[in-house]
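You will see chain A twice below: alongside chain B first, and alongside chain C after that.
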Partner chain A sequence: MADRRCKVVCVGTTRAGKSSLVQAFLYGYMSREYAGTVGVEFHSKTVFLPDGPVRLQLWDTAGHERFSALVPTYLKSAEAVLLTFDLTDRASFDEVTQYAELIAKHAVGLAPTRVLVLGNKSDLDDQRQVSHQEAAAKSIELGYDYMEVSATQPTNVVRCFRHLVAQVVAPDGRLEPTCMSRLRSPCSPSLISGPKRRS
Partner chain B sequence: MFRWRKRSSSSTLGTQRSTSMSSLGSVQSSQSRYSTASTVSRVTVAPALATIDGISASLERERLDTGTITSAPNVRTWETTVDAKVLARLSDLEISRQKVIYELIQTEQDYLRDLVIIRNLFRQPLVDQKVLSEQMITKIFSNLDELLAVNADLHERLIARRKKGLVKNVGEVFLDMLKHRRFQAYVQFCTNQGPACKLVEKLRRQHKGFAAAMRAAEQHVEEARGFDLTSFLLKGMQRLLKYGPLLTQILRYTPEDAHQERSQLSLSISLLDTFAKEVNAQASETELSERWEELKTALLSAGVEDVLVRELLASDTRLVLDELGTLIGDAGRSWPIRLLITTHALLVLDRETQLPAAGPGVEHVLIPHEVVREASLRASALEGSKQRSLLAVEYESPATSNSSGPTLSSKARFGLDAPRDRVQDDERFVLRIDFQLRSRAEMVLPRLLQVRRQREDDLIAQRQMAAVREGASLAARPATLDLVIRSTSHSSLVGPASSQASTIGPLGSPPPLLLEGEPAGRASSSVVDDAPTPVPDWEIEFTDEAETDAWDMYTMRNVRLVLGPFGFGMTLLGKRPVFIQDVEPDSPAARAGLRMGDAILSVNGQACEDMDHSQVIQLIKQALP
Partner chain C sequence: MSLATTPRFAHNTLQGGIRLIQQKLYRFALEHRPMVDRLVEAFAQVSLDEDDPEGEEAEATTAVAEDDRLSFAAQRGLSLSDTKIQSWKEAWIRKQMQTRESEFTQTEPLSVAIGTYNVNGRRPVDEHGPVDLSPWVAQDDPADLYVFGFQELDLSKEAFVFSDTKREEEWSEALAKALPRSERYVRGNKGGVAISLTIKDTDICFVATHLAAHDDAVARRNQAQHDYLFWLGDLNYRIDAPYASVRQWVEQQNMEELIKNDQLKAQQTAGLAFVRFKEPPIEFMPTYKFDPGTDTWDTSEKQRTPSYTDRILYYEPDEGQRSSVNKVANIEYTSVPELRVSDHKPVRARFLIQVASVIADKYREIYVSVLRQLDALENSTMPTIEVDTQQFDFGECKFGFNKSQSLTIRNTGPVAASFDIVTDHLETGTLPKWLLVDGGANVILQGQEAKLRFTVRISVDAAADLNVGKDAIHVILILRVKNGKDFFITIGGTYVPTFLARTLEDLTYLNVPARQHPLEPIVRKEAGMHVPKEIWLLVNRLLKDGLNNTSLFYIQGKPEEVDSIIEALDTTLELPPDISIEAVATTLLHVLNSLSEPVIPRQLYQRCMECAHAPMLCQQLVAELPAPSRYTFEYVMALLREIIASHEKKQSVINIFAAMFAPILLKSPRSGSVRNRNSVMGECVIGFVRP
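== the complex of A and B ==
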C-alpha cells in the first residue's frame, strides 16, 4: 500500500477543462463511459514511480470558480497545483496571473516547481488563441513549469500528473520549459508539445 | 491488505446492519447532542435514517462479499440498469439526460456514504472514547447530522422517482427542497469548515488522544481512501456546488416541449446559485473577520506609528475586501500592494512587508471613506493583447481633516455636501491601483462604493442621534442617487460638453420610461440651483508612459445625483443593463456628467447589471423621499 501521498489541487477558469483532465487521468480514454459530466469531488489514484508507488489525492474545484471564499480552503494544504487554462480562450489565460496570486497567498510555502501550468485543448489547433511561446514565457515569469495537454485525445495527461508527483517526491528532475524540445521522445512527438502538427 | 476488525461497540460502520434499531437510537441521540440548530423535523429524519442505515449496511455487505470495500465510486454504467427494449425506444437526447441523472444519483449515494464515514469513522470514536468534549466535537463536525438528514431525504426522493432505470421531473424534487429551504443546513456547515479544519490541524499537533484517534480512523483505508478528516470536511461544500452544474447539464438535455420540467430546473439552478452566493458571503465574512484579527495583531506588534492606522485598528471596523493589486505611482513606478477595504477606511499594505505601504505615489496609506470623492475604473487594452484595469480613487487629504484632532467616526464629511464641489488640486489625491484582471477590478469598485454608502448612512444616523440629544434639529438629507455607470466612449471622460455627447445608444430597445416629473420637485432644490459652475468632479487624469498606446475598452465610475425640482433629468432605456437614453441639459444628471449611452451598473450600492428595466426603476424610486 502506498504510504506516500500527494495532494494535487486543480484550479483554473470555468470551462478550462479541469474536470475532463482529471477524468481523463482517472479513467483514461478506454472507459469514457464512467467519466461523468461534472466530475468527481475528490479522488485518489496510485501512481507507480521507479522508486515505489505514490497515492495521488486529486481535488477538482470545478463549479467553484465564482465562489471566491471557498477556493482557498483547498489550496491551504496543497502539495501540488495544476493551474489549467484553455488555449482556445484568451481570457482564461489572462486569469493565470490571478490564480498565481491566489496560490501564493493561500498555499503558503509551496515551491513554485510544484505548480504546473497546463494549456488545455491543444488538439484544437485552429482555434488556438494563446501561443506556446507566450504561455511558456508567462509560466517562466511566474516560476512555474508549463505543458500543453489535451484531455480529449488524451495527450500528455498522464505525463503532467507524473511530472507533478515527481516534483513532490524527488524535487530534482525539474522540467525546464526552455529546453522542452530535448525532452520530446521519438515515440511521442507531441509530448510537451508546441502546436500540434496536423497530418 | 486491510482487514476489518470486528468491534463489540455499536459505533462503527460494521455493526449497524444487524442492529439497525439500536443504531437508529444512537443516531437520534447523537443528533440531539450535536446538531446545534435542530431544525430537522422528525418526519424528514425518519426516511433519511433508513437510507443512512441502508448505506451503512451496504458498506458492511460489500465487505462480507469481497473482504474489501471498493474505494472507487460505483462504476456501473447507466445502460446496464435499463431494459434493452426500453433503451431502444429512447431518443439520443433522453439517453444523455438519463445518464446525467444517473450520475446525479450515483454521486449523491457516494456523497452520503462519505457523510456516514465522517460520522461513523471519525466522529463516533471521539464520542465513545471521550477524547474531546462535546463542545469541541461540535466545533469540528458542526451540524453534520442535519446534512445527513437532508441529503438522505434528497436521495430518497430521487430514487422514488426512478422507474425501470428512468427518472422524470428532477427539477420538481430540487425546487421543492429549495422552496422549503432544506439546504439551509449548509450555511452553518460550510461557514464552519474553515475554522474546523484549522482546529483539526491544531489538535492533531497538540492533542495526543485526538491524533491517535485520527490515525486509527485513517487506518481504515478502504473507507478513508487515504484522506484525512480535513479533506472529508470539505465534502459538504463540494457537493453543494456540484448541484448547479449537474442540473444545468440535465436542463441541456431536456426537450424543449417539457415546459414544466424546464422551468423547474431553471428556477432550481438560479435558486442554487443564489444560495451558493449566500454561503460564499457567509464563509468569506467569517474568514475575513479572522484575517482582520490576525492582521491587527501583526500590525500592532510591528509597531505602526501612523495615528490614523492605529485609530482604525482600535475601532470596531470590519474587513470587507482583501485584494492584491499593483500600485501605480508617479512616473510609471509601480509596486505590489495589498488593498484592504474595511467598513471605515481603505488601507494600503506593501505586499512584501505586510506593513502600511509608503513611497512616492502613496501620499496616504489610510483613506477614510468620508474623504473619498470619486472612484472610477478604466479598463484598457495595451499592446500585445495585455490588459490593464486601473482603479482610481480620488480623495481629499485625510490628514488636514485630522489636524484638529477629531476621531474617524466624528468627521462625517460626505454627508450633505452633494453635489460635490471640485476639490482644489493641492488637496486632491488619487490612489491608482492596477488589478490587471477586469473581473477583479469590476468586483472591487461596486463593493467599495457600497461600503462607502453604508458608512455614510451610519455616520448620518450617528449625527442625527447626536443632534437630537443636544436638542438641535438637523435638516433632512436630500434624496441622492448613487449610480455606478459604464461608459464605452472615451469622450465621456473629457467632460460634459453637451455638444460632443457620445451617441452610443442601443438599438431596438423598448420605449423609454420617463423618470423626470414623477417626483413633483420636492426637497433640496436649492442645493442644486446654488451649485457652482458645472465642472465635473470626476475628471481624473490618467497620465502614464505605459498608457500612450492604450486603447480604452470602457470606463466605470460612480456618480452622485441630488434630486432636483424636476427630478433627476434623465430617461432610461433597455434592460440588462439599463442605459441612459437621454439627459436633460442643466439637470442634476447633466451636471454629474451622465451621457447618453452610459450603462447603469448599480443603484445605491445594489448591483443591477442583470436586472430588468422595471426592477431598476423600482430601485431608483426607493431612493426618492
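== the complex of A and C ==
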C-alpha cells in the first residue's frame, strides 16, 4: 500500500473556529486564545481508516474578509475542503453559499462529496442561531455533507476529519488525484530581488 | 541442493512456497516482496472499530527522540526536494518498524542443519554396498530443517547435456534413508543454486555454489530480501602455503597456521569476497584432497595441498541494519572424515535461528504509533519564522514617490527556513508595477534574522495604471516559508492622482483639475481641446515671459518650484504666481517626459528613425500624427523656434535643443536602445526647430 496523502483546506468566515478545530484535531484539546490567522497555517496529521492510514496535510486559511481574494489560491489545489461556520452566528452561515461558489469556481473538478460543511460551537446550544435542519438542508442543496462539531469539548472533531478523508479514498484504496494546478510551483521565478540568492 | 523439514514446519514451508530459481538470483528481488510490505498487508486486514473516542488520535503524548528530531530537522533545513523528504520519511518509518520489530513479533527457535559435499562424480556406494550417509546427515537431535548442497554429482559428459541424471537420484535416495523421519518432506532442487523459503513470517535463503564464482552484489541483493541468508558449497579456496608446510601443520593439528593461510579468510579480511559473511570457527582438518576411499592425503603426482574447500557461511548485516529479531547461533561446524567415497570430506553445520511471526494487532498498534511520531516529528520540526509586522502603510503616494520600509523576519524554529514572496496581484503572479521587494539570501538560519525591503515607487508606468483605476496601492503578498506556513503581508497606500502619466489624448478631454477626477478612465465626450490645458499654460507663459531669456532650458528650475507648479496644475489648473521662468521651462520638460505615451507615439518611433535625414518625410509623418500629438508637437516646436530666433548663435542652440527634446518627444518601444540613437533622434527634431 503506497503512502496515501491528502491535502485538506479549511475555509470559512473569520471567527468560525477553523484554527480551533484543527488544534482540537491535532492535540485533542483546544489550546489557544483567539488570535486571528493572518496567513495560512500548515500541519501534518495521520488518520487511520479501516484500510490503512492516510496522511493529511492541513491548510488552515485566514478567514478575514480582507484576505478573501487569496482563498482561491489555496482552493485550487485542495483535495478535500472543510467549510466551517459558526452555529451561533447567522451571518457566518449566510457566507457558506459564497464559499460554495468559490469552491465550485476554483477547486475545479473537486467532487462535492469532498466538501464537508461544519457547524461549529455546537456546545453553545442556548446561543444557537442556525438550526440543524436548516444547515443540513442547505448543505444537501449544495451537494455537501453536513456535521456539527465543537472544538472546545471536543465533539465530533476526529470523526469529521475521518468522514471527509473516507470520501477521498477510492474503493480500491487509492487516493484519486484531483485536478491540480499549484501556485506553489517550484519553478516560478522569485519575486524578491537582491544579491546572493540561493534557491 | 536438497531441502527437508520436520512436520512441525512443513505446513508453513509448503504454504510459504519454495521458490527455486536457477542461476538468475536477481529474480528473487523481483518476486520476493520485502517483509514490511507483507506486514502492511497484514495490517490492512485488521479492521478498525469506528467509534474512536475523541482525542484518541491525539499526538500530544507522543514523544519523539531528540536525535530523530535533529536529523529530520536537518533534512528539512537543507531544503531538499519534496520527493527526497518523502523518501527520508519512508526510510524513517522502516527503520522505526525494524527497531521495534521485537515488539510486534513472537519468535521461536528453528534448528537448521546444513551440509555440503563435493562427491567427485562418485556413486553413493563402496565395496560394502550403499554408503550410509547418517554420520553426515543425522545427529542425535533432529533438526527442523535440512539443507544439503552437492557438487560434482555427475562428471560424465552426458550430465552436462541432460540435467537429470541417475547419479542424482541415487544420492537423493541415500539422503532420504539417512534423514530421520522426514522422508515425506524431501524436496530436491536439481541443479538449483538457491532456495528461498518462508517459515512463519521469516524469509530464509540458501545459496549453494561450486567454485568461488561469487558476486558480492548478488549476496547483498539476496540479503536485502531475506531475514537469513546461508551460503554453502565447495568454494574452492585453498591454503596458501607450500605443500610440505601444510602437511606438517596437518600432522601437528596446527589449526592456527592452517586457518591463517586460508585464502577465504584472507579475502574476507581484505574485504575482497564474502564481506559481512560469517563463518563458524573451523575446528576440523582440511576436507580436500584425499585418495578416494581412504583418509590418505592426495598421493597423486599433483600432490594437492590440503585445503578447506568446503564451507558454510551466513550473512551478518552491519550493526545498524541488524534486526532485533533475527539471530543466528551456531551449534556445530564440522567435517565428516568417515565418509570416504569422494576426494572431499563432507562438511555439516547446525544453526539455531529465530523465526518470527507477526502479531497483527500488535503490529498495527506500533505502526500507528510510529506514524503518529512522524506527525509529531513533522509538526515540531516545521520551519518557523516570526515577522515584526504584517501590514505596511505608505500613506500618500504621489507621482515620483519613492520610499522603502523593512520587514524583519526572525527564524524562531528548529531548522533553517527558506522563504519566498508569492502574489496573485491582478492575477498576474507578478509584483505590482509600483512595488519592489529587495532581500539578501532567502534562507535564514536558526535564531537569525533577515530583512525584506519593500519599496513603493510611483513611476510613469505605475501611475498610468493608478490614474485610471486599473491598479491601486494595495496588495497582499504571501510570505511563503518552505514546508511551513504562509504569512499574508498587506501593503497599502493612498494614491494621489495627477495629470502626469497620462496620454495627450486623455489630457485633452480632462476638463477638471486632475486631482478632482475620480480614479477611473477619462470619458471622451464632446470635443477635446487641441492641446492639453496644462501644456498650453506652460508654453503660453514661456512665450509671454521667456523669449528674451537666453538661459531658458539651460538653467534648471528649483525642484520645489517645479513641484509647486505641478501641484497647482493638478489642483487648480492655474500657474502659481511669482514663479521663476526657468522653473516653468523645467516643468514643461518634466511634463512632456512624464506622458504615458510620448508625443510621437512609440509605434511611430521606427518610422521616425528611418526618415530622420529627409525633412520632407518628417513633415509628412507629423502631419499624420493623431490630432493631440500633432498640435502639441507643433506648439512646442513653435515655442522653440521663437526662443532660437532670439539667440545669436542659432546653430549651437538648435543642436542643444534637438538633443534635449528628442529623447523626450520620441521614445523607443524597447527600453535600453535609446542612448546610442540620440543623434539620429536629434536630426529628426532639428528639421522642426530651425526657424
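Heads up, the rule we're going with is that the second predicted complex is superposed on the first by the 153 of 199 C-alpha atoms of A that agree within 3 Å, B and C clash if a C-alpha of one lies under 4 Å from a C-alpha of the other, contacts with A are read in each partner's own complex, and residues count from 1 in each chain.
Everything below uses one rule, namely that a contact is a pair of C-beta atoms (placed from the backbone, for glycine too) under 8 Å apart; a residue touches a chain by one contact, two chains touch by 3 or more.
Computed from a predicted structure; not experimentally measured.
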Quiz item: Between chain B (first) and chain C (second), which, if any, makes contact with A:Val158: first, second, both or neither?
Solution: second
Quiz item: More residues of chain A in touch with chain C or with chain B?
Solution: C
Quiz item: Of the partners chain B and chain C, which touch A:Leu70 in the superposed model: first, second, both, neither?
Solution: both
Practice problem: With the two complexes superposed on chain A, say which partner A:Ala62 touches: chain B (first), chain C (second), both, or neither. | Solution: both
Quiz item: Thinking of the overlay built on chain A, is A:Gln98 touched by chain B (first), by chain C (second), by both, or by neither?
Solution: first
Practice problem: Would you check which partner chain A:Arg90 touches, where first means chain B only, second means chain C only, and both and neither mean what they say? | Solution: first
Exercise. Would you check which partner chain A:Ser44 touches, where first means chain B only, second means chain C only, and both and neither mean what they say?
Key: both
Quiz item: For chain A, which residues lie in the overlap of the chain B contacts and the chain C contacts?
Solution: 1, 38-42, 44, 55, 62, 66-67, 69-70, 72-73
Quiz prompt | Of chain C, residues touching chain A in the complex | solution = 40-41, 43-44, 47-48, 50, 52, 54-60, 81, 86, 90, 367-368, 371-372, 374-375, 378-379, 382, 390, 418, 420-424, 429-431, 436-443, 452, 476-480, 483-488, 490
Quiz item: Any idea which chain A residues touch chain B in the complex?
Solution: 1-2, 5, 33-34, 36-42, 44, 55, 57, 62-64, 66-70, 72-74, 76-77, 90, 94-95, 97-98, 101, 105
Exercise. Spell out the residues on chain B that touch chain A in their complex, using ranges where they run on.
Key: 1-2, 71, 73, 75, 77, 99-100, 103, 107, 111, 190, 193-194, 197, 221, 225-227, 230-231, 234-235, 237-239, 241-242, 244-246, 249, 276-277, 279-281, 283-284, 287, 324, 385, 387, 436-437, 439-440
Quiz item: Once bound in the complex, which stretches of chain A touch chain C?
Solution: 1, 3, 26-29, 38-53, 55, 62, 66-67, 69-70, 72-73, 153-159, 173, 183-184, 186, 188, 190-198
